[in-house]
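Here come two complexes built around chain A, the first alongside chain B, the second alongside chain C.
Up next is the complex of A and B:
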C-alpha cells in the first residue's frame, strides 16, 4: 500500500514523540549506570511515584487556588524536587552499600524497591488510574490532524537532552562526573568527595525521570503496573545507545521510537520484534552500545 | 481554560480502593459473614468463597466496585443464615495482578490453604483460563463473573466453570448486529481493527471479523493492528489508523488501555476522521472518562444498571450499594456481574439442596436463575449464561453526572441470538478432560 506524504509525516511525528517519551525516562537510567555502575531496576517505579505525586500536587493547587492547567508546572517542579531528595536518600541509605556487590544483588535490591514503592502507592492512592484532564484539541496538519501535545513532548525531550549535554560537557561538576565514569579512583584522589557525587547523580537521574512524569500525565493515565511495561523498553534504549551515554540514549530513543512507529504502519505484527532484533544486533556487534565506550563494557 | 477541571472531586465520589480499604473490605466481609456463623453455630459449616480480582495491572480499575459490593451481597445472604439458611458465606480476597501466574498461584492457595469451595473471578481471560485448570483438578466451583473469552466455555470448558457475562464471541457478534445497520446506512466499505494482543483481544477481534464478513460480505478489512497489554503510547497506532484511511475502526481494547487510547485518540483527532463504533464502555469507563469521552460514539456494555432499572433485583442492589457508599456512586457492570455470580451460587445451592460443589454444579447446568439483568438461563452444553449485550450511543442525560447509552436507541442483543448456534458446534470445540 502506498501512503501519502502527510500520513508518513504524521507517522514520523508519532515516532519522535514516542522516542522522546522513552528518552526522558531512559536518560536518568543511563546516567546512573554510566557513572555508578548501578542498574536501577526501580527507575520506572520512581517515575511512577513521581506521577502520583504530581497528580496530588496538581489537585491541591486546583482545589485551593483555582483551576488552571498551568498548575502542572509547579506540581511537576515540586514532585521533581521531592524525587530528587528521595533519590539521594535511597542512594545514601541503600545503594551505596551495593557498590561492591554483584549485579544480581543490585537487581534484587532495586526489585525489592519496586515492590515496596508499589505497595506504598497502593496504600496512598489506591488502584484507580489517575490522570490530569486537559482539553487538548487536535491540531490540523495539512489535510489531517495531529495531537498538539506531541510537540510539547518532543520539545521537552530535546530540551532535556541539550540541558544534560551542556551540564555534562560545559560545567565543572558535569566534567567531574564524566571523569568519574572513566576513573573514580583518580577523581577521588583529586580530593573530590565521590560519595556525595554519587548521591547527587542518583538523585539527578531520578529527578529527570520524575520531571518526565509531569510531562506525560496529560496524555498517559498513571496506574499501578505501568512501570514494569516501561522499564523493559528503557533497558532496550539504554543498551542500544550505550550505558552512560546521553547522546547514545538520545539517538537510540529516536531509532526505537521511529522504527517502532513505521513498523506499526507497515508490518504491525513484527513491530516489537524489530526493536529487539536491533537490540540483539547491537549486543553482538557493539556490546557496549552505539555510543558507549568499550571501557564501560 | 474554564472547563479544565481535575478529576479530583470526582475521584472523591468514585473513591479509590486502596490496600487498606481492600483489606478492610475483606475483613468486613469476614466479620459480616461470621456474625450469622456464630448466631447459628452448629447449624452448618461455613461456605468459603475465594475472590480472585486484580488490584494491580491493566484490569485493576474494574475491581474497585466488585470488591466494595461483594461483602454487601454476602451479608444479605448471611442474614438469612447463609446458603440453604445454614451455611454462612466467608469471602477470601486475593490479588491476581492481572497476571496468569499470580492468578493461578492465588487460586491454588485459596483451595489448598483457605479450603474454598468456590472461586469467583477474575478479570482477564488469560488468568481465568489458568484458574480453570486448577478448579477442574480440585473439583471446585468457578464463577467467571467478568472474564469473557469464549474459550472459557468452549475450547477450555470445564463443567465447574459458569460464565456470567456475554462472552467475547457473543459481544463481538452483538456489535456486528448493530454495525450491519450502520454499514448500510453510512455506505462504509473498509475498516481496520486494533486489539490488545492477548487472549480476549484476539478472540473478540477474530469473531467480529468473521461475523462481519458474513453479515456484510462487501466490507474489506484493511489491516489488523495489535498492541501490548499495558501500552502507554498509542500515537503510532492512531497515526497508522489515520494513514490507512478506513471508514471505521473496530477496537478490542479494555481496562486502562481503553482509557489511554480514548484520551490520546481524541487529542489526535482520530474520531474526526474515522468512526469508532463498538468500543467496550462499561459503566466504569462512562464514570471515569465522563469529561473526555467523545459523545455520539457507539459503545458496548455488559451489565449497565441504567438499562435494567425496571428489574427489582437491580433496584435492590443499587439501593444496598448506595446506602453504603452514597447516592453519587453506582455499581458498574463488573459489580453487577459479581452480584449475579454470588446470588447465582445462592440459587444453585437452593436448587441442589446441598452446598457440595458437585451438587451445585449439576443443579446449575441448564438452570434459569434470577439476575439483575432479568431471568437468564445457563446453556447446558457449556454453562454460558444467556447474558445480553448492550450497544448504544454515548449521550449526556440530566439524570446522571456521567454519560450513559441513549435509552431511546439502546440495542439489547440476547445472548442466545449470538452465541454459537448449536451445542454440536460447541462440543466440537470443547477439549476432552479427565
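Up next is the complex of A and C:
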C-alpha cells in the first residue's frame, strides 16, 4: 500500500467525520455525568433508536411527497424532538430515583434500558441494517474523490460544539448548570429548581445524540448492536477528555476519531486496542482527563 | 410581614439524632443569634430551616407555609436566604457570574431590589475582582461573595452560618460592619456563631445551643449578665 498525501487526507477526513459522531454522542454523556453524576449506559442505544426513527420518517416523507435528500432535515428534526421528550420522560420516571444510588445500581437500570429498547427496535424494525441513500456526487478534492457530505457532518459537529460551549458559558441557564456541577445543594438553596433543570439537561443530552443519528444516517448504516460498539468508544472519549468538559470531549473525540481511522488503515484489528492504550496512558498521567477538573465536591 | 417559628424540631442525619426539640422564633426585622460551641447543632438548625436537612418531627413555619414539606428552592423563593459556613463559591464562574446566579425577585415590594452594582457598593473589594474566577479568592472575599450572592435573591430573612470563622481580625471587622449595615436596612438575620463578642455586635436576642437542645434564650443584655450560662455553654 502506498501512503501518498491524498490518501492520508482522505483518511483524515474520514477520521474527522468519525470524531464528530463520537463528539455528538459523548458530549451528552459527559454533560449528564458532569451535572447529575449519572452514567447513562443506554445513551448510544437512545442514539440508535433516534436513527431508526429518522429512517422511518425519511421513508414516510419520500413515499408520500417524493424523493429528495432534503427530507433528512425534517426527519432529523422530528426524531430529535421526540427523543428530547423521551429523554425527559426517562429522567422523570426512572433516572430521578437513582441520584443517590451507587454506580452499579445506575448501570443496572440503564443496562435494562438497553435491553428493552433493543427489543422494541427488533419488534418494530427487524434485524436488518438500514441506511439512507443520498444521491450525492463525489467531489474532487486534491486529485481524489471524496463524499462532500463529510464536510456537512464536520460542519454540524463543529457548530454543535460551539453552540453547546456558548450555551454553557454565556447563558444564565448554562452557567447555572455549571454551578450545579459544583454544588447542587447551594444552587437549590439559591432558589433554583434543580429537579426541572436535571430533566432538561438529560433531555438535551439525549437530543444532541439523536440529532447526530440523523445527520450520520447517510454514511453510517444503522443496525442492532452498533450501540454497544459506540458506547464503549464514547466512554473512552469522555474519560480521555475529562468528564463534564465540553472542550475536553471535543478534543478527545478528534484524537480518538483520527487515531482510529488511521489505525484502521495500518492495522485494522488493533484499532480499538490503540484507543485503549491512549485511554490508559491518559488515566495514568491525568486520571481526571485532559480537560477535567481534579476535584469535585 | 412574615414570622419564622421553629417548634420542637427533631432532626437526624441517617440514624444519628442531632436536634432534640429545638424551638426558635424570629419576628420581621429582628436579628437573632444562635450561639454554641463546636458541633452543638447550629448548622443543622439552619439547614433544617432552609430544607437541606429534614426535621423528622416538629414544625418549621414561615408565615402560612410549612417549610418541613418544602424543598430548599421553594423555601428560598419564600424569601429565606442561606449563607453556608463552607462558603460554596462556584469556582469556574467569575465573581459577577456568581452574583448573577443568585438573582431572583424578592417578595417585599417596599424594599429596593439588589443589583450587582448594589452588592459592589456594600462590598467594594468585590468590584475590583469582578471578572476574576471565584476559585481564586481569599477567604474574606469568598465570604463577601457568598453573602452577596444570597442577597441577590432579595431575601427577607438571612441565615448566616459563622461568616467570620477563620478570617483575619481586620477582615472580621470589615465584614461585621457590613453585616451590621444589612441589619440596619431592616433585614431579619439568624446568625450562627461561637463568639459572643461578634454576636453582640449585630444581635438583639440569643439562643444558646448545646447537645442539640436550646439551653437558654433571652436578650443579648440578659445573656451578658448570666456568667453561669456563658461559662457553661460558650467560648469566651
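Note that the second predicted complex is superposed on the first by the 287 of 297 C-alpha atoms of A that agree within 3 Å, B and C clash if a C-alpha of one lies under 4 Å from a C-alpha of the other, contacts with A are read in each partner's own complex, and residues count from 1 in each chain.
The rule we apply is simple: a residue touches a chain if its C-beta (ideal position, glycine included) is under 8 Å from a C-beta of that chain, and two chains touch if they have at least 3 such contacts.
These numbers come from a predicted model, not from an experiment.
Shared-chain residue A:230: touches chain B; no touch with chain C.
Judged by the touch definition given at the top, the superposed model places A:15 against chain B, while chain C stays out of reach.
Once the two complexes are laid over each other on the shared chain, residue contacts for A:123 go to chain B alone; chain C is not touched. Of the two partner chains placed by the overlay, only chain C lies in contact with A:188; chain B stays clear of it. Touch criterion not met for A:74: it reaches neither chain B nor chain C.
By the touch criterion defined above, A:172 lies against chain C but remains apart from chain B after alignment on the C-alpha atoms of chain A.
Of the two partners, chain B and chain C, it is B that touches more residues of chain A. The part of chain C that touches chain A in the complex is made up of residues 50-52, 71-73, 76-77, 82, 84, 88, 90-93, 97-98, 100-102, 104, 149-150, 153. Residues 172, 175-176, 178-179, 182-183, 185-195, 293, 297 of chain A touch chain C in their complex. The touching residues of chain A, counted against chain B in their complex, run 1, 3-4, 7-8, 10-11, 13-15, 17-18, 21, 58-59, 62-63, 67-69, 118-119, 122-139, 144-150, 216, 219-221, 223-226, 228-230, 260-261, 264-265, 268-269, 271-272. Touching chain A in their complex are the following residues of chain B: 1-8, 11, 14-22, 55-58, 60-61, 63-64, 97-98, 223-226, 228, 230-233, 235-240, 242-244, 256, 259-260, 263-264, 266-270, 272-273, 288, 291-292.
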